[in-house]
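Heads up, there are several structures right after this.
After this come two complexes, each holding chain A, first together with chain B and then together with chain C.
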Partner chain A sequence: MGKASWIMREGRLRLLLSVVLIFGLLMVPLSGCTTPEPEDEAEETVEEVKDPYVIGAVLSLTGSFAGLGEPEKNTIEMEVERINEAGGVNGHPIEVIYEDDATDPETAVAATARLIDKDNVLAIIGSSGTGATMGMRGEINRAGIPQVSLAGGTVITADFDPLVFQTPWSNALVIPYTIDYIKAQEITKIGLVTDTGGFGADGLAVWKDLAPGAGIEIVEEQTFNPGDTDMSGQLTRIRATDAQAVVMWSAGREAATVAQNMADLGMEIPLIGSHGNARVEFIQGAGEAAEGFRFAAGKVLIPETYGTDTESYQVAVDFIERYTERYGKAPDTFAGHAYDGLYLVVEAMKRLDEGFTSADLRDEIEKTSGFVGIGGVFTFSETNHNGLTADDLVFYEVKDGAWILAE
Partner chain B sequence: MGRAALLRYVPGAVVALFFAALPLLATGSDARYVLKVFTFVGVNALVVLGLALLFGYAGQVSLGHAAFFGLGAYTSAYLTTRLELPWIIGLLAAVLVTAIGGMLLALPSLRLKGHYLAMATLGFGEIMHVAFVEASGITGGPDGFSRIPLAALGGFVFESPQAKYWLVWGAVAVGFIIAGNIVSGRPGRSMLALHGSEQGAVASGVDITGLKVRVFTASAVYAGVAGCLYAHVVGFISPSSFTLHNSVIFVAMAVLGGGRSLAGPVAAALILTLAGFADAVFPGLSRETLAVIQDWQADLYGLIIISVMLLAPAGFAGLYRAGLRSVGVKL
Partner chain C sequence: MGTAELLQFAIAGLKNGSIYALVALGFTIVYASTGVINFAQGEFVMLGGMLSWWSYSMFDVPLVVAGLMGVALTAVVGIVFELVAIRPRKDGNPLALIIITVGGSLLLSSLARHAFGPLEKSLPAFTPGPSFRVLGAAIDRQTLWIFALTAIAVVLLSLLYTRTRVGKAMRACSIDRSAARLVGVDPRSMVTLSFALAAALGALAGLATTPLTQTAFNIGPSFGIKGFAAAILGGLGNPFAAVIGGLTLGLLESMSIAFISSTFKDAISLLVLLLVLFVRPQGMFGRAVREKV
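So, the complex of A and B:
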């Protein structure tokens, strides 16, 4: 009898222990919510003035596009602070709620739904990537709120949606500009390597559409998937052709691998990239192999290219100084896209009367005309939600681990 | 009615009533969000019901159920979006395709035992994931499949969060009843015999290969239906929802729920799904806390599986039974 009751007691003990453990596991992370956060207090003092205008930001803070999302978030945080210190929008502070989409369209969609259904945001900035931006469209349409995308796929504004705006130069602008540059280098045969994600797939379609008409022959077409870690196979195929250059269309961190693989394969022909590669991480990731890499992008990397007597130059230099002081490094083009995205929304809010709706905000963003941003000077219309031109682009080359103007 | 019967049926009735009435109870400003989260709970619960049959009753492990979930989702999405067929056709096709898929996988691989079966289903899951990414003409590639029409029956479109919620939980209720009928009859006893001892089951005259194939196929169909519902509730799918990670989460739910039970796994689906959306049930939860939970979610699931295996191998169901036993009720 003694033994039996001991076993029973041990059984109960195990039972009790496991219940405690499971609930403990579930509760430990939750306990954080009871501690009041100083941030909230700060918000309350501001709220005494007027209710904040809430904007959602869906950014790729992790995953393949983490190198894009980080400067984008940095920029928005810095600029929102500045806007609120200067009195916000007609007395209303701006509050931005950040969501990380992990460079995954599905996560972006869930994040968008959360921002809309739970936080009642007035507008959404993002995402960093084309695939995520397109995935979010269903939720954006359902809620009828404006979206300002920071991604460069042509499809974002070519597959026109009245609610969707775009701050980077789309592929439809950058690819013709790149084609002109390639022709000036007397290159007529290229090997194309693109990723299968939104931006790369979009680039591939635009290249195939435009290159033949411009007298450029795509002698080999290769793709890789986001997350791939070796592209030697694809590049070997290109090496076997008479391509005079490799053109790579990808914005992910895999771009550095392409450059490295080319060096490993001893390929001497130039590598030409996209505005998706205008990031320090590319140079750091590819190291020596990045030398000589050329790509078209906006002027913020070398602000003198705006023309030192222009308003754009003043705006950019001011932004670069403040960003560099706060974060210890110069902003890249992606920081610029976020700057433009935030101010396109905020400036439109400033022009509106109290109590405006998301629909009013959309209409007002569309009326943006001559806004001087980092990516260029924006003018939207009822049929054009990209608003930039090829004049806002320059060609860069990597030399000694830094950007210089390509000849 | 005896005390045992009361304890047996009343909790179930209360829970069923709660889930049926939830859309009427959720009236706060974030009601849409809360309902959406509980709709996801229902989708996961449906997959886990299928796994409860396979794992909890028949004792077979599948690490490939996210693939069946995806197969159902893509089948229905393709038919309704690209070919513009009605939703009900998409649903039936999802059932058919996942049934065939489940059977084709089951026939050769269920001759395998123990972890070899788990390996085979793992391989199947990985192959399907690659297919979802690479067959971009059908699946849309890594960027996924968007603008999937909402579920609609006759002229009624499941558009409001309430309608979507009831659609999914209606399916869960039907699935629960069907699974309940399966396990309470002869197949259920055969499955338990199989779980207990394969040789023993054979010796008792159970056609174990046929039984395994049927159970596996049924559980694949549960996942396929869930996938179809998911696609038409969210309107967007991409390969990242159908990875090994998701398969492991489904297994974690089944393990935490416990064997020889259907309600246990559904409860586990509820708790583990809500972990990632904790702000739906605790409205005051800060975004930072939520981000921490989401970052640690995978680790949390792993710890849960380990601690359940070590401390309470019978999961929720076992704890519930032990709880009843300790107050003197015999089931």
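So, the complex of A and C:
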């Protein structure tokens, strides 16, 4: 027996618990080990260049939202280069310090503290996820600097904080828009399937809040965990009801499994998703089962929907072309959120006088009016820090493996 | 609830259970040869899907070839991992080895993150087509593949253990290392072989699920914990126990969804696991071990 019996002596229960604990730790990938950004190389030309304006970016570059963090970082890197080549902000170059929160709220808090205390940032962009964004709030308040979140949770701006702004369409915006669409299809009974992560849980709460008032009955309510490999059980529960459509609120890769399971179960009713599914990877993962899938999202997926004679169209097409040329693929909606987040801060800086403080910057971001971004046209107010409207959304349908406008 | 629905839940449970079983087999094999829980087992599942995807998209080969390449490459990773990380620790202290596998797990997922990027990858179904109907329940083709691959793996593994010299040598080493060495078996190469087998079985699970669920660099730990739970439930004993453990866990989960709530399915199945262990600490099919001095 010898070594093999070591575990036996310790008792399997204790082994089980310790193994579960260690796996728990493994699920939170190593974090806090961000690569330090190289110092600004412009320092040789000391005389002409003024001190850089430093912005922090807390993004989910690893962990389950890594697919969001990557296009976001790509976008910020590309746009910062462009801004600095064009002379920066009133002669000051922009410097962005990136931190990876590993899709973990606690890591996001630590990263935020570092950016504030060590790097003295003027503002923070991020995080990619709702949970991390909310976690950062304490540090943001301590330092009194503005935060522009790239996450879509309603709670971010509904639980109002004067320092916090948000660039994606929140669930509070998308869900009423989706409800209107569903009603137009004469659907009154839905089965709801959501993930237990921040985005899904937020969506579930908003659906339960708004659907009854709009005359939509949620006949079945099912959840799944991020990482689950099969949702046919949950869907079987929905199939057993008289639901006329399945509504899914989930931003992860599991969404593709839901679509596949529905097709495998032979469910004929439509599957309606969210702006969290506006990703090519969803179509690739679901394959045939993605056909007919419908969801509301911003106009960047089909720029023509902005109207070809609008400024939005010009801005979006220019961004899409530059991004595609540099990274070899078209930007997704998350890249758009990062574009909006960066320019909301930078444009506010441009409007301010030399020597402004973080508090001035916050006030100036709040004065943003009619800023034409990728996600839509932003107008903030003292009570609205989301700034978008339902006019910035359209309904898409997947057809032949690509997005088209749903009728 | 009608028969058709009950059957549907059973199919879903058996499908997940088969995957858990494949992962559990890997735990069992490494445990038998080294006496440690290999925390990198879930990463082998991830690598199986990833490397198959890589072979498929890089070399433009048929899916079956890409799948075999994925499994074979993962087995090579398992061998390298054992040679580089496990073998140099000559005293075989289980605690040290467990920590090494934890580190290996983090290393493998970080490497995959950098080699393949953070986005999810997909593979086409092995045999595309509509699902079959059995007594009103639907059963899709990929699920049948998962059942078949699990069954084949178990049969081959049993044959290996009972009919071949190598398999008998592996069993001999797990029963008594020094006695096996006395009759001319090299225990170290048996450990290497067990890592190769465990990696290949994990990779098979990753390959079989990727068409359904996609794969990504960070899926390892969630497969790992499910497979580990299945292995413990079965009793870490033999391949048969691992399979029963896996299927039981899968069925528990899907019946939790059917009769209680999808929100608590993981909690319920872990609770049952704890209860089983209170009653039978050695698992359902494990032998009670007495320490001989």
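Criterion: the second predicted complex is superposed on the first by the 359 of 407 C-alpha atoms of A that agree within 3 Å, B and C clash if a C-alpha of one lies under 4 Å from a C-alpha of the other, contacts with A are read in each partner's own complex, and residues count from 1 in each chain.
The rule is short, and it goes like this: a contact is a pair of C-beta atoms (placed from the backbone, for glycine too) under 8 Å apart; a residue touches a chain by one contact, two chains touch by 3 or more.
Computed from a prediction, not measured in an experiment: that's the story for all the values here.
In the superposition on chain A, no contact is made by A:Asp340 with either chain B or chain C.
Contacts of A:Gln234 after superposition on the shared chain: chain C is touched, whereas chain B is not. Legend: residue contacts after superposition of the two complexes on their common chain; A:Asn225 is shown touching both chain B and chain C.
Of the two partner chains placed by the overlay, chain B and chain C both lie in contact with A:Thr196. Of the two partner chains, chain C is the only one that A:Gly69 touches; chain B does not reach it. Looking at the shared chain after the overlay, A:Arg114 reaches chain B, while chain C stays out of its contact range. Of the two partners chain B and chain C, more residues of chain A are touched by C. Contacts of A:Ile97 after superposition: chain B is touched, whereas chain C is not reached.
Once the two complexes are overlaid on the shared chain, A:Asp332 sits clear of chain B and of chain C alike. In the superposition on the C-alpha atoms of chain A, the part of chain A touched by chain B in one complex and by chain C in the other spans residues 11-12, 15, 19, 22, 26, 29-30, 196, 225. Remark: chain A residues 1-9, 11-13, 15-16, 19-20, 22-23, 26-27, 29-30, 61-64, 66-67, 69-70, 196, 222-225, 227, 229-230, 232-234, 236-237, 239-240, 253-254, 256-257, 260, 263-266, 281, 284-285, 287-288 touch chain C in the complex. Residue ranges on chain B touching chain A, taken from their complex, read 29-30, 32-33, 36, 133-134, 136, 141-144, 146-147, 234-238, 240-241, 256, 271, 275, 278-280, 282, 284-289, 291-293, 296, 300, 303-304, 307-308, 311-312, 319, 322-323, 326.
Listed in rising order, the residues of chain C touching chain A in the complex are 1-2, 5, 8-9, 11-13, 15-16, 19, 31-32, 34-37, 39, 92-95, 102, 105-106, 109-110, 113, 117-120, 122, 124-125, 128, 130-131, 133, 138-140, 143, 174, 176-178, 209, 212-214, 216-222, 224-225, 228, 232, 253-254, 257-258, 262-263, 266, 270, 273-274, 277-278, 281-283, 289, 291-292. By the touch criterion stated above, chain A contacts chain B in their complex at residues 11-12, 14-15, 17-19, 21-22, 25-26, 29-30, 32-33, 37, 40, 97-98, 100, 104-107, 109, 113-114, 117-118, 120, 130-131, 134-135, 137-139, 196-198, 201, 225-226.
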